[in-house]
Structure formats: C-alpha cells, structure tokens
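What follows is a pair of complexes built around chain A, which joins chain B in one and chain C in the other.
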Partner chain A sequence: MDSAQYAELFLTESREHVSAMNHALLALEQAGDAGGVVAGDQVSAIFRAVHTVKGMSATMGYTAIADLSHQLESLLDRVRRGALQVSPQLMDLLFRSADTLEAAVEEAVQGRDAPPGTASLLDALRTFSRTSGGMTAIPAPTTGSVWSVEVPDGDGVGIRVRLVRDTPLRGVRAYLVVEAARRLGTVTAISPSIGQLQAEQFGDDFALRLVTDDVEGALAMLRSAGDVADAVLAESAPEMFDLLALEHAGPGLVPGGGSAGPRVQHHVRIDLRRLDALMNLIGELVITRGRLVQLAMAADDVALTETVAQASRLVGDLQDEIMQSRMVPVGQVFDRFPRLVRDVARTLEKQVAFTIEGTDIELDRSMLDEIGDPVMHLIRNALDHGVESPAVRVAAGKPPQGRLTLSAFRDRSAVVVRVEDDGRGIDRARVIARARERGLIHGNGADLTDDDVVKLITRAGFSTAERVTDISGRGVGLDVVVAGVRSLGGSVDVRSTPGRGTSVTMRLPLTLAIQRSLLARVGGETYALPLTHVSETVELTPETLQAVKGREVLVLREDVLPVLRLRELVGLPRSAQADPEQVVVLETADRRAALIVDDLTTQLEIVVKQFDGVRGGSTLFGGATILGDGAPALILDVSSLL
Partner chain B sequence: MMDEDAVANGPVGSTRTLLFRVGERVYGCDIAAVREIVPFRPATRLPGAPPYVLGLINLRGILTTVLDLGGWLEPERSPAEGGSIVLVDHGARHVGLAVDEMLDVQGIVPEPLGDVASGRGGVLKGVGRMDETVVILLDVSTLVEQVLA
Partner chain C sequence: MLICDDAIFMRTMVGDILQQAGFEIVGEAETGVQAVEKYKQLRPDLVTMDIVMPDMGGIDAVREITKFDPGAKVLMCSAMGQQALVIEAIQAGAKDFVVKPFQPSRVLEAVQRVLG
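On to the complex of A and B.
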C-alpha cells in the first residue's frame, strides 16, 4: 500500500476534524458568552474530533500530533467531567491548540517536524491541567491512549492491555494477564508473542484476541489483574482506512449550531486527478459527439440518425453525472471563515455578527478551490476597512456590533457569492488620493461618479490599505481579488454607500472546464459567448438603437444599454444595413451591455481550452474551444469586455 | 548525439536541417526543433494579432498557433493558403510555421550571416548550402519567443 496515499487521506480527514473542532469551539464560546452554561454537546464534539485525530496520527506514526492530541484530550476529558470550568483562558488555549494541531498535521504530512510552538503549547496544556485542577500527573484515560501494538488477526474480540508504567517484572505481569484471559475463554492470538512478552520485549501495552461469551466481564477481570493500567476493547480499524465508508458521517460529526447539522452520505473518496481525467475525456467525447451528429445528418440515414441521437443523449447524461460528481457545497470552503472572523475581529477589537447563507450551494471542485482566497481577502477587508470599532459605530448612531454576511446563491448558470458589511463604506476622498498617488488618474477626481471611484479600487496596482497590517495588508487588495475572479471567468461588482456599508458580489461559472455557451457569428467567423454572462437575446430593430451623447445605446424595456458590435471588436467591417442582426445582452456582476452580432447559431456545452496568445493579440478572449466540425472558436471574455 | 548525426548524415560540423521553400527562397531549421509536419489547413483568425499570425488550428484536440513564415519574412506577401505546417516545440508550447513547400532533410554546415542580413531579432542565424542553392537558416525557438505573448 502506498503510504503517500494514506497521508493524503489522513490530511483530508484531519482537516475535517480540525474544522469540526473549530466549529464546536466557536459554539462553545458563544454558549459561554450567553450564560456561562457549559455546552456538553460541544465539549463532546471537540473531544471526539481530537480523539479521532489522535487515533489516526498514531496509526500513521505522527507521534508529535498524537502527543499533542493526547494532552488536549486529557484536558477536554476533565472539562467534560465537570472538573474544569470553561473560561476565556481555557478557550484561548483550546483555539491555540486547534491551530497548532492543524499546522502540525500539515507539517507531518510533508514529512516535517511539528511547528514551532508545539512544545510550549504542550507545556501550557500540562500547566493548565495542574494549576486549575490540582492534578499533577495526567494518567492515560481509558479511551484515549496511544497504543503501540496492532491487534493480531484471529477469532474473537481484540483486547488491548496496558500495564502500569514502569512496573517491575513486566514480562511476568503480562504473562499473568494472558493466563487470566485463558481462564476466561480461548485466546486465539497474542501480539507480541507470548515469548516476547515474557522476555519483556514490548512497550507498555500488548494485544490479544479472546473468544468469550462475556466480553465486559472479561475486561473487568483483566483490569483487576495486578499492575494493569487499562484493558479495553480494540477499536475497529481507523476511519481513514475505510475507503468505502458507507453511511460515513464525515465532517457532519459536530452539530454545528443547527444549519451545519450531520449529513448522512453515501460517499467514496476519489482522487481528484481521476475526476479531472474523467472531465477531460467527457470533454473530448462531447466534441466528438458534435462531429458525429453533423456526419449523421449529412449521411441522411434514418437508422444511423436515430442511433447517433441516442448515443448523443447518453453522452449528455454521462456528462451531467460527471459534472455532478465534481460538485461540492461551498460550505466546505465557507466553514473555515467563522473562525477567521472571530480571530480577526478580536485582533482589531471590533464586534461582528457573522452570518453565512447558502452553504449548500454547489460549485465545481476546481472552482471551489480557487474562490477560497478571494473570499478570505474580502472578509479580511470588510473587517479591517469596512466595519468600524464599536465606539465609532455608536458615535455614528449604529449598534456597536457590526454585521458581516457571506452568502451564496444560484442565478441561472452562475453562482453568486457575496460579502456584505454594514461598515463605513468606501472612502471616496481616500480612493481618489490613492489613485492619484498611483498615477491611475490625474486631476482632483471631482468629475468622477461614485461608480468610477469604485472601479478605481478594482484597477490593477491599487490598494486602499495605507499601511501593511497583518489583517488585510499583505499587498492583496480588491484589485488582486478582481483579477483572480476574472481569470476564473467570473466578474466582480462592488457597491458601497458611505456610512452604510459595502457589498462585493462575485459572479462565477459553475465550472472551469466546460461552459454552456451561445455561438455567435460575424462575417463567417464563430465566437462563443459563455451563458454565465448572457442575460437574454433579442432581435435588433432600428428603433431600439439610439444615440446618447454621441454613443450608441440600446433601449431595452426600461434599461439603456451601451452598444458593442462584435464585428468592430474582432476587426471586421460593419455589415450592410440590410442584414438582420441579433442582440445579446451581456452582463457581469455589475455591468450590462448589448452586443450586436450577425447571427446566433446554437447553444451548446463547450470545452474550454487554453491557447498561446501572440504579442499584440486581443485580450478579449479567455480561451478557445473546438467546434463540432473540428474548427477552433474563440471564447469571448465578457468581464474584460465590459 | 548531434555530432554522431552529423558524421552519419553530412559533412563534419553539419547540422541535420529541415529544408523548405517560402516564396522564392529556401530556408532551413534544425530538425531537432521540429515535432511534426502536417498539411496546411485553414486557421481560426486571432483578432488583433499581427498579419503574419494565421491563427489557431486544432491539432488532435490541442490548439496550436500558426504563423505565416512567408508573411513574417516578407510582410508584403499575401498570406499562405496552402503548403505545409511545420510544428515546432518550444518548451511546453507548440507553434506551427506555414511554409510553401517541404524540400528535404540534409546535413548543412552553418556559416555566420553577414552583417547585412543580420537582425530580425536573431531569428536569421546563418546560411548554408544545399547543392548550389543558398539556404537561410532560422532559429525557430527565437522566432517563437518573439511572437508569443
């Protein structure tokens, strides 16, 4: 078996457990704030998460993590039993532990040592246990020890036995335990062997298999044998090796305050590269299907046409299934933000009520991986620059606690993710000053509309942070977020009202690899327009076209849209007036425009492929695809166009 | 390896060279840079690109940018509409060069170019002789680097 494969699995699962732990910690903290009543459920949830990480890390041989989780578990056990009260100091220690645990997991998988600070944290955990509970040594709790021996295969139940540490004559003690077990039933296997046990060639623990009618009775008898610290039933194989974990509760282990409750799922873990390969193959198949359909039509054979139609439908279904198998709820990424908000708000001494909506909205895995960072920066920005300190808020007649909302929802073939705060809004004067400093504008900017000012922030090379704070500084401003989202084929809309707040809306395609698109033709050339950015199509009639301030606009119901002509964009001469033309209404998160094309041919799924651009070439195209006839067609990058 | 090839395939110091005709002239490039030669096919135009960029072709599912070598060498020429496309590798990138006619592969001894013809950013890197004809040797990697963004 490939240990790297297990390491990856360990990493994934440990991350889930640390995430569960953070959730429960936040809930515990809130419960504590609310009335000081210890929420037993949350403590149990944290305990379970830590316990599982400990078991997995011990199996993997990551001793640093096992030690850390063991200490943590001991502490939590005392909290669970009521021997320790939940205090702010305890919460801080637990949060710190969660962070260190997370870091240690990442390091261990990379084959590196535990992160700096692990040793001091271990000390802190021990000290905390001593000072506030009077307990000087932490005995290995019943359920939570690191076992060094594998339970041997064989009939009967697996039993692990641990001798009291440093007991004299360990070999004899072990032998006596085995003898006791033999009186209780049939011992089918021992690990290490009885010879090794007698020769004291074992650590503190050993394991055996026992066929008996009364397991509990047997355990009680073994525990009462001399110098036995513990005798427990061996747990079943650790969860991480359960590749086909049906009814696997996964990250839903923790009741996360209602909305993120446990979800029972039928899951199989699959290597992402497999899914990517499947996605590529189905992409090629979709292209081939297009060709096949054209050939069949040309052949004019009824039987062939029918068969091709059926194959075509099947390919479509297959594609849907594969796409679906790659979809993951945004909650997987959003789950880490409550903790981030808590920490950042504390550092900045701000009060924030953070709400997440639409965690079950699904996105393609490839897309989801990419939006985590942009969303994180938006949240940090909102906390750093948006939400004011309590005093400032009260002075402005607002409640001291700010609101921050992260929401996701579906809108046609796009997913919209929004970060919204009720803070001070974008400071017009500051933006203009910075833009001048950066040479983005000249003059005093008095003629700029609010919309223009917002646009400035998203221009490359702009960053509102006047100093690099460790919160949102780091040189990552909104401009960088916007560039990132655009490279994903999405668009960003920023709205801000001074004194009232800011909202940043990202509009994203469901997937990176395949896009539903409309094919437009101009002068014999075909271009693809991603449906993520198409709101509707209308036939062009002369009366809807008007000139406003010398610019051509299209009046559509109550809207006045700027007009773009695809022919001009791609450097073709204007068509003769007599030709009927079509209008495609394009939209990004914040802008709309009417694109005039000669004709619209069809709507279909296209596979997005990259190509090497040439110097001086237009930047209006985000990629290209291969059409049914095998010819490449360029995909219009709507967000860079508007 | 190059030396062995040269010994086996031509005079000492020669390089195995792919020879092709563009307009009235014969050009050559190191065969090691060439991956494949395919018949000419129409390309999808890249708006805004210089005139010597023919556009994109679909090469078994891979989008490949094709340059009109004739248009690049002699800007006044009309774009290629036939002939062959020489596919050259440049790192991870593949670029096609449209030429009028494939001629031969021969061992050619490169000689430095006179000052007169040097330039074009180092793409014209030397001359050689194929029988009695003067061959202009091209450094296709440099060409690709110059043209791709």
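On to the complex of A and C.
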C-alpha cells in the first residue's frame, strides 16, 4: 500500500491528538494530586491520544514515533492503573514527550529522522518506568521447527498446532484456536494450560486432546483458524515447518460482498491544494462575471441580461459554497496556546490565568494559517512585557495572578481577534526614548498624545525589548506583527493604560483571496475599499463638515471623525465640481475616519493581487485588482490611513 | 461493513482496504455508543471494532451488539500489547482480531474467516 497518500491524513490527525494530549496534560496538572476522577479522565484521554498516534505511526512505518508512543503508553498505563503517582517529575516528562512527539510527527512526514533528543527521551521514559516500580518482562518466545510440547494425556485424539512465526498477539490467537476446537467437539486437555497460552508462555506450538467424530474435518478447520502454520495428529511423525500450510488461510475473496444498505458518509477529506485551486478558479470566474455583466448591459438584450443575471447569481452561490468549505474554527490554532502560556509563564515565574473566547468563530483556512504566528507573538509579548511578576503586582495593589485573554468574534465581514492583559501597560517614557534612539522621532516627545506613543510601537524598526529574551526575542516586535497582519489585508490597533493593561486588536478579512469591496471613483480612476474596513457610507452635506482646531472633521450622529480626502491622498487637486461628494466611514479595529471621494460606483467581489517586491514604496495601497472591464484598480490599505 | 475507530486515519485505511477488495462500507462510528447505534440501524455483515475508543470502549460495544444480535460478526482491531483486552473482547462475542499496523492481506484474511 502506498503510504504517501496517508501522510497528510496522518499529519492532520496526529496534530489533533498531540493537541488533545497537551490539553489533558494541562488539566491533569491543574487537578494535581487531589484530582481523583478528573485526573483519571485526563490520564485516559492522554492514553487514548498516544495510543492512536502509536497505531497510525506504526502503520505508516514511522518506527521512531511508534517506539516513543509505545514507551509513553506503557508509562501511562501504569499511571492509569494507579501503579505510578502523578508527580511534578512525571508531568515534566510527559510535557517533554508531547513536544518531542509533535516534532517527530512533523519530521517523519517530511521524510526526516526523529528530532534530536528522541533517544534520550526514550531512555528517560524507560528509566522512569524502571525506577518507579519496574516493568514486567515478557518472555521471549522459543522458536524452532520441532514440536516443543508433549501431548497431554486425556480422551480423544491428540492434536498439535503450530502458529506462524511472529504471529501478532499469539496468546490470543492460540486462545481462538482452542475456542474453534471447542466448537468442533470436546477439548479434554491442553498443554500448556489455557492460562499460559493466553499469557504467551509458550513457543510456536501447543497441543490439545479433542473428542470429535470428524478428525480430518477438525484439522482442516483448525488450519484455517488464522495464523496456524500447521495442525496435525500427534500420532503422526513430527513434520518440518511447512509454509504451504499458510495457503489454507489465504484469501479467496468474493467481490461485491456486503449488504446493499444505504451508504452513510458525511465527511470527505479534501487536499487543501484542491481547495486552493478551486478558490483561484472561482476568483477568475468572478472577474469574468464582472466583464460579462458589463457586456450584457451594453448589449441591451432582455433575454441576455436575465440569463447573465442568473449565471451571475449562480457564480455567487458557488463562491459562497467554496468559501464555506474552506472555513475552519479558530480553535484549531488557539488550541495550542494554553500550553504556550503555561510554559512561558513558568519560565518567567509569573502567574497567569489564561482565557480563550470564541473558539468556534470561523476563518478561511489560508487566513488561519497566517494568524497563528502573530497571535503567538502577541501572547508572548503580553507575558514578557505586560503581565508583571507576582511580587510587583502585589506591590501595585493587584492580585498576584495576572489575567490574559484571547478572544475572537465576528463583526460583519471581518473577524476580530484580541489579546488583552491586565499588566503594567505600555511605558511611555521608554517608548519615546527608544523611538528617539531609532530616529523615529525628534525632540523629547512631550507633545505626543498617548495614542501617538502607542502608534510608535507599531512603526517598522521599533522593538521595545531592551534585551533579546528567550521569550519574545528574536526580533519579533509588535511592528513585525502589524506588518504581517496588514499584508493579510487586516489592521491592528493597540490600546494601553499605564498600570492597567494592554489590548491588541486585529481586524481581519474572512479570506485572503477574495474581498468584497466598495469601488470609489476619483479623477477618472477607480479605487477599491475592502468592506472589512468600511463601516458605512453617507452623502456629504456642508453642515456635517466642520473645522476643529484647524482640522476638518465630520460630525456623524454622536461621533466626530477626522476627515481624509482621497483626491489629496493620490495627489490630485480638490474637486471643483458641484456634485455632492460621498463619504465612506472607514474603521479599523479601534479607529474610525471619514474618507471623502468623488463618487461611489458599486460593491464588488474583487480578487486581490498582492504587489510583488515594491517594498518601501507607497504604503497607501495593499494590492491591486482587475475590474470587469479589464481596467486595474488599486486597493486602498485602510489601516495605513488611520 | 461498519468501521468503528476513533481515528479517521484508521477508518480511512481500513475502509480503503475493504473497498479495494470489493466490500461496501455502509457506515463508520467514532465511539462505542455510535457503533452500537449504527449496528442496530444498518445491520452490517461485519463490524471492525477498535478497542480503545471514547464514550464506550470497543469491548462494551461488542457486548451490546452481541446482546442485540447474537449472530453479529465483529472483528477486533487491536494494537500490540493488548492481549488481555482482545481475549476479553472475544469472550464478549468478537469473532477474530487483527493487529495494528494493518497489512491489507491480514485484514482481508481475518474478514474472510469471520464471514466464513
């Protein structure tokens, strides 16, 4: 069987099981010694996860993983039976095992050897088992081609049975053979005893006495009992190991067997690349649809227009279905964070209560793969720079245990992900000092608002860590996170109150490839505004536009919004036309602004084409798209505007 | 055929082996409870049953299925080192067993034996 086709399936499922294992380990650790039933459940859950990985890896031929999970399983079995107590040493070993198992799975699928440390972990697992009570040794089976047992005394004919060498679970096989004999007549004696057979305390062969009318028939039945190399009458001369006997158990399958019942299957696993290909195709189709709609309108043919409208709707439905099939709950990525928080908090000697909310919120698979790292960095940053050590917290009048919350929720055509802590907040003085050092600002920064200070952190080239720590070091500061999220068409907002905490909010489109956008026209050119960042549109009336401290603002109901003019942004003179201009209210995670444009044409699904290699140029646009009439349109990067 | 295993990987593999040999998979179950329900509902000619499953283990599921249909044909899927459990399963009514890692020929031989 070609194992390669199962590798992907193996990877996906093993990851899930390692994740489940980590969850159960955390719960087990929290339950502690007083865990009782909870602890028992968790140990069983870990055991199941490890057991399943073992079975899969052995099938795939990944022997290193199979060995590791086998040792782990033995250890867990002892814990489950109460022979081994849950101790901090055991927990450390189990956590380490989960990590190694995870790494080994990834390596194995890539066709590489087990990660370094696997051998020493195996030793550690074995040593732990030994020092904590010892393992029961399973006697090695004696093998040979001569009969090793005497036929016991008793009524009936003596029958010798030899199992195929290396029969898996030969104790059970022997038991099944004896059971088969019992159905054929009366078994009066067995050697070795049935108990010894079950315990695999025998060589390759055993003997029994059977009272039956049809000796030849009985022998034939026993030979076909499975894994039986031979079954002979004891009175006949000992025979050599006969491979031909194997053929008795050979397959002779009846194709088309099985019932004609209904086929029940609710899930199909699809290669992600196939979904990506579908997504690309639907993207092209969406562009073509735009062109088709325009052509049909120009042709002024009712039948054609109706047909195109219907085809257009169908394309829309098709797109929805494909998008839906790519959606996965964020929990799939969030699931690994409790373990991360535990490890990081432990290293930093901080106490943290970690909460996750909205794990069932769905995102496009490609988007989800991309946000894992940014969220991880935010969590590490929060633990490293945000949450204080217990002593500092108590001194500041806070409870010693910090709070860290990761939440996700849906907001119209966007998904919002937030990381929030109740730590010390962003240190204004340090940020300003660092910004000056980096040449991002000049002067003492006294005129900067708190908001401006927070924005500095997200500027490229800024990093708050004074030393590169193991935790959030490696040069991944908030500026890098922000750049990453923006390249996905999302935005990041940071809010911080000194002494009270920090929250970082990401607003993300549901998918990478296709974005519903509003098309705005300015000076004969079309620009796309992704709906992820559009809150509403209003018509501009003179009375809503006011000047505050020399800056233009728009008064919208209760809100006062800063005003941006697209004409100015793209370097055109102000419009002299009398037509009422349109206002688009833009929003990122926490900010809003009013963008004034000449005209709004339509809402459209656009296929986002990222810019290649024009880094350092204009940050005003996040990409480009091709409209229905074949004309290109630039996509406004809303987060760079606000 | 009804395939019971908590791992999709295993269900897929067993399913492929059986389908390539011309058998029809009428259902799959992820837990012991599901296995019993689906057996009653689908009445398959043969059930492959994992031993370690959440909810209700494979052995209890065999017991329930045999109680419902004494003629039920259940093939246990076990791992190395589970001899005591497999024997318990056979005493509960399972007809035969295969050991992971699965070799298609071994699975098919066992299926053939159970179907008799």
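Just so it is clear, the second predicted complex is superposed on the first by the 488 of 642 C-alpha atoms of A that agree within 3 Å, B and C clash if a C-alpha of one lies under 4 Å from a C-alpha of the other, contacts with A are read in each partner's own complex, and residues count from 1 in each chain.
Quick note on the criterion: a residue touches a chain if its C-beta (ideal position, glycine included) is under 8 Å from a C-beta of that chain, and two chains touch if they have at least 3 such contacts.
Predicted model, so just to flag it, every value in this text is computed and none were measured.
A count of residues in chain A touched by chain B and by chain C gives the higher number to C.
In the overlay built on the shared chain, the residue A:176 is in contact with chain C alone; chain B does not reach it. When the two complexes are overlaid on their common chain A, residue A:10 makes contact with chain C while staying clear of chain B.
Touch criterion not met for A:185: it reaches neither chain B nor chain C.
Contacts of A:55 after superposition: chain C is touched, whereas chain B is not reached.
By the touch criterion stated above, A:632 is placed in contact with chain B alone, chain C being left untouched.
When the two structures are aligned on the shared chain, A:624 is found in touch with chain B, with no touch to chain C. Listing the residues of chain C that touch chain A in their complex gives 1, 6-10, 12-13, 16-17, 21-28, 38, 42-46, 52-54, 78-84, 86-87, 90, 96-97, 99-102, 104-105, 108-110, 112-113, 115.
Taken in their complex, chain A has these residues touching chain B: 284, 287, 525, 569-571, 609-618, 620-621, 624, 626, 630-634. Only residues 1, 6, 9-10, 13, 17, 45, 47-48, 51-52, 54-56, 58-61, 70, 73-74, 168-169, 171-172, 175-176, 179, 198-200, 224-226, 249-265, 267, 269 of chain A touch chain C when the two sit together in their complex. Per the touch definition, chain B reaches chain A in the complex via residues 42-50, 53, 55-58, 61-65, 93, 95, 146-149.
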